[in-house]
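All chains are identified by letter, namely A, B, C and D, in their written order; residue positions are counted from 1 within each chain.
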Amino acid sequence: MSVRNNAYVPEMATIEKIERETNDVNTYTLTFKDKAKQKDYSFAGGQFNMLSIFGFGEAPISISSDPQDRNEIQHTVRKVGGVTEALFNLKEGEVLGMRGPYGRGWPLKEAKGKNILVVAGGIGLAPLRPVITQVIKNREEYDRFELLYGARTPGDMLFTDEFDHWQKVKNFRLLFSVDAVPKDQRWDHNVGVVTTLFDQMSSTPSRTIVMTCGPEIMMKFALKALLARGFNSSQIFLSLERRMECGLKKCGHCQIGEKYVCSDGPVFPWAEIKDIPEIVGWK
Amino acid sequence: MPKIMDEKELQSLLGLLIKEYRFIGPVRKDLETGFGEIKSLKELVKDYTNTIEPPKYLFLTPQETLFSYEMKKEEITITKTEEQGHAALGDRPSLWSEGIAVEPLQGKAIQQVIFGVRPCDVHGIRMMDKVFKEDFDDTYYQSKRNKTIIFSVTCTSVSDYCFCQSWGTGPSLKDGFDLLLTDLGDRYLIETGSKEGNEIIGKMRLRDATPMELKQKAAVIKATEAKFTRKLNIKDIQQIMISQPEHPTWKDKADRCLSCGNCTSVCPTCYCFDVQEKGDYNPSNMERYRLWDSCQLLEYSQVALGGNFRRERISRLKQFMMHKLSFSYPQYGDFHCVGCGRCIKWCPTSIDLTEVAKDLRGE
Amino acid sequence: MAEKKKLGIFKLTSCAGCQMRLLYYQHRELEALTAYDITYFKMGKRDNLENIKVDVALIEGCVTNSEQIDELKRIRENSTILATLGGCATRSSLWGLKNNKPEKEIEEKAYKDLSTIHSIKAIPVNDVVKVDYLLPGCPVGEDEMTEFLQSALVGRRPFIKPHSVCVECKMKGNLCILVAKKEPCMGPVTAAGCGALCPTNGRPCYNCRGPMIAANAPALAKEFKKNGLSDEEIYLKFTAFSGLSKVYEEVTDRA
Amino acid sequence: MPEKKINIEYIARVEGESTLDVHISKNEITDLKLKVWEPPRFFEGFLVGRKYDEISDMVMRICGICPVSHSTTAIRALENAMQITPSAQTKKLRRLLSYSQVMSSDILHIYMLAAPDFLGYESVLAMVPKHLDLVKKAIKMKMVANELTEIVGGRAANPVTPKINGFYQVPSKERLNSVKKHLEAMQQDTVDTLKVVASLPIPEFERKTEYVCIRNPEEYTINEGRLVSTEGLDILEEEYRNHIIENQISYSNAKQCRIKGRGDFMVGALARVNNNYDLLSDKAKEAAEENHLKFPVYNPFANTAAQALEVIHLTTRCTEIIDEIDPKPEDTTVNVKAGEGHALTEAPRGLLYHGYKLNEKGIVEKAEITTPTTHNVLSMEQDLYKMIPEIMDLPEGKLALQCEELIRAYDPCFSCSVHTIKANVKKD
């Protein structure tokens, strides 16, 4: 029976490696069992896969690895509920299901020759990591790069072992902030919600593409701050999150106004969504 | 070329279809009419306006297995990926009971005919076809849809709830059918809209309709059009629906709304579903299935850690009405409302989207 | 073969109907009962192990005396997953009726000498201990119970329908009797799971499963009134099986 | 002989919670208490103020095994109060419903609750490895009985179709015929069941108590009839209150009943067969003779055999009734009236009484319910008083087990026994 042309049926993938990022976040390195599929598979940063944990269900998860690396696919996942918990119980070598990639990714093409400002909160850095790796790999194609990244505590920061590497890249500026610092942890950076970093930011509206992903409340405040600083609605890109059951523009759950987050997004230029009634209040 | 048949010929055509196909048509359901499988002509109901449910459930089964799989050691084998059957009708089995709501196909029943689909519902099917085609094919929907012959009728009766005329989705029909029947009083005009339709009619020796008879059809339509009492002004409706999210009519309606989901379940163009996993007492046998879902239900927009994008009843009600009368247009080039009036009729508290549209327009 | 998960079935104040559903009214009880290692099930077996750790505890019935509170707390401590089995455990159901009147007034009607009767308000299980899953139903729906038992076997979160009976009613293709016949159907405010049994059997839902979470009780009560029900009749409809539920308060809090 | 104490902390595999305490000193029973500590639920309390059309749905929740009995009894009592006579079709459908429930409950008790005793297992689950066929047979039979309840009642547990003066919806002939096929296929299994039960050794014990049940000369009745006993009681159902009296006791949540001027009595399958043996089907009688069963029997352990016998009869009877009817929707309007009404029926576990007083709006002003186990508890204690001295020599554990088995043989249902009624009775 041919399973291939059935969009709902996932491909089998093997967990090659599990890396612990924080208490409740792991990064999973996956490869398709079908070698040909692995070779054919390509994605853009910001796109996502539907991951099936057999016996438990399916969840949309952004791809966090380098789009140019065709040998493996990474997902960085926070443990929050049924499916993600089940994923955390899997071990290296075990099998899960994967289908995708779905959706529209980050505007890396539009950003060519321009400055990039990334504003990320918590797990929201995961879908933005492909942007960072791409900019580093193709450094000459982009101008200045600035990352504002916030997490709840220092211990909740993702990809910290890559920070050193990122710091060293030419014309890269990284600003970190946490909401709070527990007594036993050291922290040399800003304390406060991400938006408090805007005062230290060097990016200006001129020739800049902004990409933001994080909790909706964070994105709301970031948006306000950006608009107040003169950024316009077509240079700001947000990655939205909605409930998804299929990723195929069928189940209806991810609609916001006329948009399907799964196929029109998850990355949207603010200009495209700002008039949607459910989002109007963000301004 | 439209043909003419008399009562006897129609009866024999229907008789033939009943014999050769899985034949679905309007049947009596308590006080109302619904689609049901028909084994004998006697069961067919003639005087009805709209069936309780739209025909969408014949393609989008309320609950349906997507695939089953077996988990043995490290191996996972997907064992069933596509249902080859038709959606079951009537008393559907409940969620976890043995059978799933799909009937296996046998012999000639591979094809089904739905008789008596009214023009508004034909448009509904046309819109659903798009949803389940666009970007990704939905094989479950399509496998049932592709095996279906649509036998439509020109409307001659109008209920208090009908407003298809406002959309132009009724009472007459230009395309989207395989066969179309118009009652001319003492004769029937029969038109075909597809190869399958032609083949069926081709077997019968029918005479062509005269220009006079075609005029008669126009007169029938005109007479029906005069019967409409309900109207929806569709001018600028896309903007009007979203122009005033704070208008008091929203709160007024939301206070009455029971979040029962009846409106979405009877709507011919509501297509949302949920996907769930289901197990067995032998935990290596699993199944992924989908089941009908509605934006009116609290859990619809629920995400992990208790988040919910539409916790308030009012936001869910807005989603339904705005989706139908505004968002769907940029999405699919169609307003996902065909004017069948079912959502108004079956809302326990008579919430009426034509009324909301009027309020928003300030009429 | 891994060791079977341990299942304990405990009874508080109830009619035992939900245990019966498990032991008897079920279609696949042999499979269900043998899938687990049942360590405690007084109605089903003689050798019962008190105070041992179980993977899954099912509680039937609600609390109506103070000893049951301690018992319940003990069971909670000893179990990994705890779920209610049926309406009384979930929402105190019918037994909650006695909370609506002064206790003595009710007890006196059943017993002449109250000195030996120790009874307190009927309290649903989740008001006493943390409950992982609520399985409503009077008796618990076979579908829900099956889904729960099958999912607990592997640790999946069960899918317990949070919506109203209407959704199931529509999916069955029923005629809505509230709309078509103006019969006072409680379906719109009642938790789904029975497969809209009553409307399917030609009568209005009488709320035996108790309220669904997002119920809009005042709106339904208004509709009933429009259809000719008296305030008294509406009060009776909304109190019968709702137990201590706050969901209907707006309708049932009469002076 | 030293002091002995029997303390059975809970009687397992019965419905509801109870304790048996026996104290024996110098071969004398110094204390014997069957304590039902199933928490009370006060039905008679909260039914007051409710409307007549809610009562059936509420009283069904008295007992998870015999919801049909409570429903039918309440409905009949309320019909009596409002002077409503239901149609012949309604009566027949009610019989199907009640018979199916008695069958299913009897099968449950025989296989799931009692058989483990006779075969020496702690539960039916423990029987699975060695007696899988038997267990499967039992499951098949209960499925058929449940199917019948479900087809007529809408749901096997807590049916939804019964109402005053009829049914909300009647089953189609088609569905009845489908279950009829299953009933017919099950007949041999019912006969085999009796064979198995009759071959099981039961303790030798006899006590000549009074056996009470209802009787209708035309039918082995479950739903209506005169109240009769093996000692000559023969009264109308509305006279029940004048003859059966009830006492609250200090150590138990269940009350105790006795026949006025006499004493304890036993109700249940054995009482029914002892009084109504002549009305059983030929097939049932044949089976009884084949297995050398002669009624009346005064050994409570024979209750299980009586249940098996009853199942044979009822299975046949149900197929006959199905042939007699082709149910059609009927007018079931109720004209509400003030009044008082009583009804007696045979629940699976024996005599069940409901009585109601309604005002002119159909609101309940008074409710009285006496359940089978309430009728039986005194008899259980009396049996124990007689049996224990006879088996005094057994070691304590065995002695306790046999006491427990005796109670279980009654097929008691302690949860329904604890919302017994307030009766205006004088203490004897």
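Heads up, the rule we're going with is that a contact is a pair of C-beta atoms (placed from the backbone, for glycine too) under 8 Å apart; a residue touches a chain by one contact, two chains touch by 3 or more.
Keep in mind that what you see is a predicted model, and the values were worked out from it rather than measured.
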**Prompt:** Can you list every chain in contact with both subunit A and subunit D?
**Reply:** C
**Fill in**
Greatest contact count: chains C-D
**Request:** Report the most central chain, judged by the distance from each chain's C-alpha mean to the global C-alpha mean.
**Result:** C
**Item:** Euclidean distance of C-alpha centroids - subunit C vs subunit D, Å
**Value:** 25
**Fill in**
Chain centres from averaged Cα atoms put subunit B and subunit C apart, in whole Å, by 36
**Fill in**
Distance in whole angstrom between the CA centres of subunit B and subunit D is 51
**Message:** So the centre of each chain is just the mean of its C-alpha atoms; given that, what is the distance between subunit A and subunit C in Å?
**Reply:** 42
**Of all residues in subunit B, the ones touching two or more other chains** = 276-277, 279, 283
**Contacts with two or more other chains, residues of subunit A listed in rising order** = 55-57, 81
**Request:** Name the residues of subunit D that each touch 2 or more other chains.
**Result:** none
**Message:** Let me make sure I understand the interfaces: which chain pairs count as touching?
**Reply:** A-B, A-C, B-C, C-D
**Item:** Contact set on subunit C toward subunit B in their complex
**Value:** 27-28, 31-32, 35, 142-143, 146-147, 149-151, 153-154, 156, 159, 161-164, 166-168, 170-173, 175-176, 178-181, 187-189, 195, 200, 213-216, 219-220, 222-223
**Partner subunit A, residues of subunit B touching it in the complex** = 66-67, 69, 71, 74-76, 78, 81-82, 131-132, 134-140, 242, 245, 271-277, 279, 283, 286, 288, 290, 293, 295, 300-305, 309, 315, 318-319, 322-323, 326-331
**subunit B partner contacts - residues on subunit A that touch it in the complex** = 1, 3, 5-9, 12, 52, 54-58, 80-81, 84, 93-95, 97, 241-243, 245-246, 248-253, 255, 257-258, 260, 263, 277-278, 280
**Residue ranges of subunit D in contact with subunit C within the complex** = 10, 12-17, 38-46, 48-51, 54, 57-58, 61-65, 67, 104, 108, 112, 116, 122-126, 128, 135-136, 139, 142-143, 146, 154-158, 160-161, 163, 168-169, 248, 250-251, 253, 367, 415-416, 419-422
**Message:** Quick check on the complex: what are the subunit C residues that touch subunit D?
**Reply:** 11-21, 23-25, 27, 29-30, 33-34, 38, 41-48, 64-65, 68, 93-95, 97-98, 100-101, 105-113, 116-117, 119, 138-139, 194, 197-198, 200-203, 206, 208, 233, 236, 240
